[in-house]
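As structure tokens, here come the structures.
Next come two complexes built around subunit A: one with subunit B, the other with subunit C.
Then we have the complex of A and B:
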């Protein structure tokens, strides 16, 4: 490892040691108590690696024609992977060996953000592997890249870097999965950089095993006229949090965040998003929905910061939450900080149960109470999923999301 | 087909229907007219089985069975259909999928084979023509973004697909322009059958120019105050409802 990479990782480790994990006293972590994760995994929670093998093949997405980067328990599996020829895709571990300078840049993706909290710092110090994708200028990736991270429990730290060159275009599916009954923690930090005119459709599918915890972060930096669509779905895991930070750095950049979380039992799912409008004429669209059943707890915090110079900002945020059980809970909070007058910012929040008028309408047409509830729940959530342009991914997520809710039996029929 | 006896209904503690008596035979078309707020929608909601209506007295017998003991979906399977006064929008629930689920639930209930996708699509296309509903509406969300007239046409389209034994049309004519009214009326007339009874709730006698009722009732102050033939509708149009009230009070 080169001195500078080593230095950066040492610095991250020291920051982690000094800061520790965020606590519920931090405003930003008020509702998500990660001391529970520590309690679950023990003092050395950051290094309790899994040993059991796991079967990556079972998480292949049906009908998805894509390149594949497979990472098993935090280590790249070359044999299971299928990398494109035209675009550089490497494993982080290989890059640490061969191109440490590049890794330094990936880890310090912006200023000192890699030290911003204990989790990111730990990930920066400890990330063992991940996908590093670089799409050259004026290149359009001919197929999506499916980054499949599977684990059999234990702690893994994943670091992904995506660089889309000028006027280049890519579709990337970042997928976290496991099928086991072990406790564990995945930390996953993904940095996406879009140069001038670059476009990405990025899917983040958090489908961890039921006892796995997941702390994820996506940092997106956008230059002039670039466009980013992020589909963030949180379905699995016991305690999970996803932080999405978008920085619209130059004029004409636009981002769309489509989020869905579906929680049941005692699941805890937290979504924090932050969009920084740092330049004029940028557009952001954010639509997050939650379906909460059982005794699950959801958190949504959507922050939009419009800088002084970011005139003609066009921003709309919506968060809708469906509570299927009287014991389910949501804490939702939009936060707008606007430092100039020449902006268009709309936001709205709703929290509710299934609509009685709609239920009666469906029943009056012959649907049973269960069927009517399923159909309305499905329609509510699918409004977000319908925005996915990749139909294979959409179907896959629909199945995963609805398999865990009771009474969703005839999904195939509903998908028509 | 249906026999309503001494029906008293209250909503949120307020008595709305105060002893309705009504009997409709197979194949008959009855019109119910009455001023706003007289309880017409309350009556149709009680028949369709909506929650929140308390039947304090009386009974409804449908095809010889106690209708009030049946769940709303069971009533639908048994052939009760309500065309809503205000059809609700259900974004994301596909119009055709809803109907397919409804038709097949009723078929299962009757012990019949479910329709496969092909047969069903054929049925749906044919019925859509009946109310001149553009095919594109079939794949849209239920009433999603429909105009007022399109929603009413969609209700009659659903009626055509579900082929009920008892159809309640709650002010299906309100808010329709003449062309739409003609289309809806033509649809309903096509659906008249010896084994199908229809209750048309309306404010306006103009609907009855297009669909000739066998019997006309006046519902006011929670009661059927007067029953007659279609000439009664003409008289109501001319003279309003007060004379009926006065006559009933006398």
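Then we have the complex of A and C:
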């Protein structure tokens, strides 16, 4: 490891030791209490290792024709992976050996963001592996890349770097999965950089095992006329949180965030997004939906910041929440911070249960109460999933999402 | 043909001087600056307060000393030195106790005349009872007799402590406890005066009750305490208006307003706030840090807050409703205007506890010049609030590219039968709207005015008639330089 990388790692570790995990007294973590993680994983929670092996093959997405990067319990598995030839895809561990300077850059993707909170700092200091993808200028990836992170519990720290060159295009599926009954924690930081005219369709599928905790962060930086579509679905895990930060740095950049979380039992799912409009003529669209059942607790916080001088900003944010049970709870906070008059910004939030009129209508057409409820719940959630252009991924997510809700019986019939 | 028309941008109108800026020179009986238990004992003694109230004040003060000033709002200001404020100031003439308007210091009356509040005319023309607060002590209260006939008590709170101690003791501090927050604790310790309203069972208050607050003596923090109690089935509409003389030193205003609505009672509380906002460099101006809260204790009770906030250097307040009774209703209508260097962090809290409680929030923010404003609101639907309903709409209008408008709505829902909607938009005055008006021969200033008035209409409609006119005029005056 080179001196400078070691230095950055040390700095991050010190920041983590100084700050520790955020608490509910931090405004940003008001509704998400992660103090339980330490109780679950012990004092040395950041290095509790997985003990069981796990089988990556069982998490392959059916009918998906894609390149594959497989990371098992935080370590790249070259044998299970299938890497493209035209595009550079490397494992972080290999890069730490061969190209430490590149890794330093990946970890310090901007200024001191790698120290921004205790979790990111811990990840910066400890990240063991991850995929580093560099799509050169004017290249279009012929198939999606499926980054499959599987674990069998324990703590893993993953760092993913995605660099899309000028006018280049890629579709990437970041997939976190597990099928075990152990406690654990995954921290995952993904930095995406889009150069001029670059396009990415990024899927983030969080389908961790029921006792796994997941703390993720996606940092997207966009240059002129680049376009980013992020589909963020949070389905698994016990306590999970995803922070999405998009920085529209140059004119004409646009981003679309589609999010869905489906929570049941005692799950806690938190989605934080922040879109920084730092340049004129940028567009952002955000649509997040939550379906909450059982005693689950959902949190949504969407922030849009329009800087001084970012004229002709066009931004719309929508958050809709469906409560299916008497004991579910949602805390949502859509924020606007605007320092400029030449903008068009709107946001909306709704919280409610299924519409009685719609239920009545369906029942009057001969559907049973259960069927009608299922259909409406499905339609509510699918509005987000329908925007996925990759049908194989969409089907996969639909199955995972609706399998969790007990009252959805005829899923296959509904999916058609 | 040469171009003679001067391009005038709306921003150019923004810097209009504060029109109510003057200081009346009256001898005041003022305590030296500083705050300790002796000061509180002194205030209490001055007002001939009973033992329990003194103890209540001291308890609040002791609690306050353990608290730290909060810094979470989206405003910046130079911190207040609480030891440099004088906590008591009363017009001298009060010592003689004027019994009617004729006995009131003519200079005071002149001040009100300058502000356009001719007390005596109002008696006849507007039918409004005015409890005018000059600095901290009420000077004249009108229409008392008429109110007394129906059993309504409307008097300075210090008088209420003397005449109706059991009522005050029963309700004071039950909505905003002494330790509720830093400023409420301070207010509880040192409040000097304010209004007390009691509407007995089944009475519909025959007139709008109105208080004009006015900060006058230099360096006197104003700590008003207002307590309104509406018994079963009663109705009252209460108006509060403010304006202050121009000066350079920042002044703290930390009032507490408590409303209690029992079964089927309705309270309508309207505010027009036009305190001195500071000059265009942000120098001077009032800090308006107010705690306002309504407790809808009874079933089917209703509280409606309407506010028009155009003044103050910093406005930081959240008139709130605790919807405890089943089927109770909370409403919040607000227009906030920040121009020059003004900052506002305002909004509301709607706490749904009872079944089928409903709340409506309509907030309109206008930012011009270097003004910054935030809507911060909380809608909390507790597990017990079966069938609760909330509708929130907050719109911001930006005039100029140096101002800011921010929205921080907190939504916490714990009951699935609740329906909650929140909408917010931010935009500037549409160029096509302006163009359309101008093409019809309306000047740009008038057009801007018209559009802003339309923008605020939802809120102005909620104001009582007399106030709506005043609010419209206030917006026009404020925006005359500003938007219109």
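Heads up, the rule we're going with is that the second predicted complex is superposed on the first by the 416 of 416 C-alpha atoms of A that agree within 3 Å, B and C clash if a C-alpha of one lies under 4 Å from a C-alpha of the other, contacts with A are read in each partner's own complex, and residues count from 1 in each chain.
Please note the rule applied: a contact is a pair of C-beta atoms (placed from the backbone, for glycine too) under 8 Å apart; a residue touches a chain by one contact, two chains touch by 3 or more.
Computed from a prediction, not measured in an experiment: that's the story for all the values here.
Colleague: For A:350, is the partner it touches subunit B (first), subunit C (second), both, or none of the two (neither)?
Modeller: Touch status of A:350: second partner only.
Colleague: Contacts for A:206 in the overlay, against subunit B (first) and subunit C (second): which applies, first, second, both or neither?
Modeller: Neither partner.
Colleague: Using the superposition on chain A described above, determine whether A:223 touches subunit B (first), subunit C (second), both, or neither.
Modeller: In the superposition, A:223 contacts neither subunit B nor subunit C.
Colleague: Subunit A residues in contact: does subunit B have more, or subunit C?
Modeller: Of the two chains, more subunit A residues are contacted by C.
Colleague: Using the touch definition from the top, say if A:383 reaches subunit B (first), subunit C (second), both or neither.
Modeller: Touch status of A:383: first partner only.
Colleague: Taking the superposition as given, does A:283 touch the first partner, subunit B, the second, subunit C, both, or neither?
Modeller: neither
Colleague: Touching subunit B and also subunit C: which subunit A residues?
Modeller: none
Colleague: Would you mind writing out the residues of subunit A in touch with subunit C in their complex?
Modeller: 27, 308-309, 311, 321, 323-353
Colleague: Can you name the residues of subunit A that touch subunit B in the complex?
Modeller: 355-358, 360-369, 371-372, 375-376, 378-380, 382-383, 386, 413-414, 416
Colleague: Note which residues of subunit C are touching subunit A in the complex, please.
Modeller: It comes out as residues 72, 381, 383, 396, 398-428.
Colleague: Under the definition above, what is the set of subunit B residues touching subunit A in their complex?
Modeller: Interface residues on the subunit B side: 48-51, 71-73, 75-77, 81-82, 84, 87-88, 90-94, 96-103, 105-106, 141-142, 158, 162.
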